[in-house]
Amino acid sequence: MDLATVLGVCSAFGLVYIAIAMGSGIGIFIDLPSLMITVGGTLGATMINYPLKEVFGVIKVVQKALFTKTLPVKAIISRFVAFAQKARKEGILALEGEIKNDKDEFLKTGVQLAIDGLEPQEIRDILETEVDFIRSRHQLGAEIFSTMGTFAPALGMIGTLIGLVQMLQNMDDPGKIGPSMAVALITTFYGSIMANIICLPVAGKLRTRSREEVLTKDMTIEGIISLSSGENPRILEQKLKAFVPPNQRK
Amino acid sequence: MDLATVLGVCSAFGLVYIAIAMGSGIGIFIDLPSLMITVGGTLGATMINYPLKEVFGVIKVVQKALFTKTLPVKAIISRFVAFAQKARKEGILALEGEIKNDKDEFLKTGVQLAIDGLEPQEIRDILETEVDFIRSRHQLGAEIFSTMGTFAPALGMIGTLIGLVQMLQNMDDPGKIGPSMAVALITTFYGSIMANIICLPVAGKLRTRSREEVLTKDMTIEGIISLSSGENPRILEQKLKAFVPPNQRK
Amino acid sequence: MDLATVLGVCSAFGLVYIAIAMGSGIGIFIDLPSLMITVGGTLGATMINYPLKEVFGVIKVVQKALFTKTLPVKAIISRFVAFAQKARKEGILALEGEIKNDKDEFLKTGVQLAIDGLEPQEIRDILETEVDFIRSRHQLGAEIFSTMGTFAPALGMIGTLIGLVQMLQNMDDPGKIGPSMAVALITTFYGSIMANIICLPVAGKLRTRSREEVLTKDMTIEGIISLSSGENPRILEQKLKAFVPPNQRK
Amino acid sequence: MDLATVLGVCSAFGLVYIAIAMGSGIGIFIDLPSLMITVGGTLGATMINYPLKEVFGVIKVVQKALFTKTLPVKAIISRFVAFAQKARKEGILALEGEIKNDKDEFLKTGVQLAIDGLEPQEIRDILETEVDFIRSRHQLGAEIFSTMGTFAPALGMIGTLIGLVQMLQNMDDPGKIGPSMAVALITTFYGSIMANIICLPVAGKLRTRSREEVLTKDMTIEGIISLSSGENPRILEQKLKAFVPPNQRK
Amino acid sequence: MDLATVLGVCSAFGLVYIAIAMGSGIGIFIDLPSLMITVGGTLGATMINYPLKEVFGVIKVVQKALFTKTLPVKAIISRFVAFAQKARKEGILALEGEIKNDKDEFLKTGVQLAIDGLEPQEIRDILETEVDFIRSRHQLGAEIFSTMGTFAPALGMIGTLIGLVQMLQNMDDPGKIGPSMAVALITTFYGSIMANIICLPVAGKLRTRSREEVLTKDMTIEGIISLSSGENPRILEQKLKAFVPPNQRK
């Protein structure tokens, strides 16, 4: 899990917790029916909106986005330069050993295609199709979280309306009005937390990670094409550096 | 009706029901005039917005979207491979028997055009025009539900305003204030439910199903073009697989 | 006035009326100063926003959109087929009598251009320019109503704020608080009705009618071009049918 | 100042004034600190957002938009026809006298370029660059007013929050609660007036005037190009008429 | 720090301060837990949304946007004219001395490339890539501030909900209700200030500065290309003037 997310989750939830603890116990903010209606209702509306497979598939996408580290761009460059030098000296077949135990499936597939001797344009077509599917998977994930982020406050408000109507129907005991209204407001609180500290930031994170991952995939494609065309390691390096901001190139 | 929708509707409405039942009877949430103004008013505003034919036509679109199963992409591929093999051995006319009892009207039309010997480009033009109309029908359906999803909370608020004004004009009996306000809030509750658990998720579902259906239609077109050009079954399979994410191809 | 609009207006306003009548007399919802500030203020803001000519011109556009019937597409097709057959037998000049008493000015202009012997491309340019102006007139109309639909609730809220401030300044007689607040809320009620039952649905209707009218105009252009090129009636029919959804062609 | 704006401002502000005057004196709606925080705060936020030069430059743009009359399109056409006839008879140099005292700087520049004998394409490039700058100046003006229209209600709400917090801290004298809250609401009132009766309509007006002005500038360019190419006055008239809706051409 | 920002910050915060001071001491508006939950929570949500590096990197971007002065366009023009004249007389190598101590790294890099004798197209490619990276860095900065501007009011509302729930649970002492609610509202106040006086205007400022900086960079590129092609100083001046509004050219 990347540091920013850990820090963000800790600070956001931590501060909410501290703010609550300073004024009262956390107990009055825990209410199971409120949780059910906000979280369950939001998931329900989301499941009407998207196919089941995609709603659950999104969990895997989030997991990957939060826990998989994308290789830093500089490491990608130096790696391809090494590949190119090896391919120059020992032939492209020599790369087979290099990639055998690599964890990056995308790189493995691509280099294997180059070793198999496909034309550069064919390799590019195959790999770019795969990148397109990766990108649309990420976008769907971000879209599902954005949708949840719009349903959550609405469901929270529905819960509050339920509580208010029930309270207003039974105003005989004025001493109960306060606590009843407090409970009614808790669903709005849950909806707002769910939207603004979970769903919307995670949707943003997925979009950010998608940009990062697509960038490294694009660099990988460029590198593999360059390998398969047998280009000079120096030229390969130049080409890959065009993906990096000038002030980070040295 | 697909599983996600069933689960979604059940969980969303079920949880709202449970939340209500835990605090009071469901009775105080049922109010006919409130239902009339929210649902009827929303439908009224929608009927001013769209032609009558389209408002009612949308029912059919929704029905189709929720109850018709689109064929899984793999089944489409294996089917076209079988067609191609048969056409290779026995000629394209042999497909006439295969499709006679098929339920997929789009496939039937397309294969028939291929059997009739039209040029591939002509077949593509005819079928793509049809897909365009299907897509715009779906979009119109999604748009109508989105529009209803924006009118419903507004009508709910109008109902609440009516209730509030009436209550405020008659504040002689303080004991009635609570229940009157409870009733006034019920239209807002209905509007919010209607928008966030029905209209907006259904609009989303229509968009999702449209994407799915257009994808299978595009695969069907590609397959029919391939059949009509008498292409090799292996090449046909390759072409159709390009529509499937790489990690689902095996 | 088309049926959907009549039904929509009746059901929306009727239900609001019934909801009001069930709880109290309609009298307490009629307040001239509130009407003045909401409707007048909205019109004022709209007149700052758009030139006077366009604000008043929009009335004509709405009238036309609500009361003019666009010819059904099938009637257009059969009409042009008849024209083409007549032109084939008796020459294009024979159409002069056919169109003399036609109400559709656009059709008359176009056929006259064909009779006058202009080149098909010239006819297309002239007619498409006219369609562009029609479309932009419609869009302006829809835009003005959308704008009014955003100003109306804002003006309603301004009216409510005025009422609230006045009420809060004079809270000596607690018995008057309720009725004063009721009156204050009426402007919000008016603003919401004006936006959600009048302005926004009418803006939507204008957009829908524009799409319909532009479609029939495009079919008319295609038909006139076909006539002026002396094309076979069967080919003309084929061309015009491409504008109709496949499932409505028979 | 054009009539629509005068009417709009009068009716909007007049109706607000009347609505206030009917319920109480205008006095309770005038509160200097509220005005300071709403208007001053909005201007402050806008000045952080845009360079000082542009915020003040916008005043000139608004002034021009409200007080400069754009020439009616028909006058432009007849004027260029007259120019073309004169240029035909007496040579293009004869136009020098015609434009010497003209107030329209854009026209003067353009005709002077034609008299100086520049190539039509060069004239077009120079004048279109100028139109681009005019258009972007208008857009910036409209954007600044839109931005102010979003800041104003926010600042109004900030003012109201300040008033509410102060009131809630001092609730000893119940008789003061009403008036204090009334004063607190006045900033919201100011923010709403500022946004919906001033900023947003003026932003709309700037966009409308920009469209009008750019249209007349485009006609002027077309006319000047036509003059400089020595085209027939009748052809020039035809070309300029293409900018006018067909139903206004006669 | 540019004047507009200073004035804007002073007037916005100053007026808020004065408005507060006129009604009560500033003390009741300072509440550490409220500040923690609003500012800390917003930062937390932002850190979930964006990588840590980018959240902190934005500080540098803002600093640069507020404190670096972009050279006025006229100075850029006269400078390049001087360069071109020198290069004409003494050869392009003579520029090496001119730029040695220049602070504008972009200009230095570009002129050095010209001195090194790269082809104009190569120089353009290299410099435009750099401008693209600068632009996307600015956009990311503006996007982060916009995101914070949407999270801040939401976190403010979450804080207010916490305060309200706690207050409603303990309504035994009516005298405390007012002050408790006052404290609860302070987070909404903070959220609104943070969004509307800090985050959103700064996001706007970054967009404005980005446009300015990209314009000067584009002029610099054009100038360097012109230098490297050995163009006449007068032509270079003409080319650069095309970037300046006509009414500012003299």
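Each chain gets a letter, A, B, C, D and E, in the order it is written, and its residues are counted from 1.
We adopt the following convention: contacts are C-beta pairs under 8 Å (C-beta built on N, C-alpha and C of every residue); 3 or more make two chains touch, one makes a residue touch a chain.
Source: prediction; values computed, not measured.
S.K.: In steps of 5 degrees, what rotation angle do you get fitting chain A onto chain E on the CA atoms?
M.R.: Value: 70 degrees, nearest 5.
S.K.: Need the CA-centroid distance for the pair chain C / chain E, whole Å please.
M.R.: From the centre of chain C to the centre of chain E is 44 Å.
S.K.: Distance between chain B and chain C based on Cα centroids, please, to the nearest Å.
M.R.: 27
S.K.: At least two partner chains per residue is the criterion; list those residues in chain A.
M.R.: none
S.K.: Give the chain order around the ring, anchored at chain A and oriented so that chain B comes second.
M.R.: A, B, C, D, E
S.K.: Spell out the residues on chain E that touch chain A in their complex, using ranges where they run on.
M.R.: 33-34, 36-37, 40-41, 43-55, 129-130, 133, 137, 147, 150-151, 154-155, 157-159, 161-171
S.K.: Name, in rising order, each residue of chain E that touches chain D in their complex.
M.R.: 2-5, 7-16, 18-20, 22-24, 28-29, 175, 177-179, 181-182, 185-186, 188-189, 192-193, 195-197, 200-202, 204-205, 208, 212, 242, 245-247
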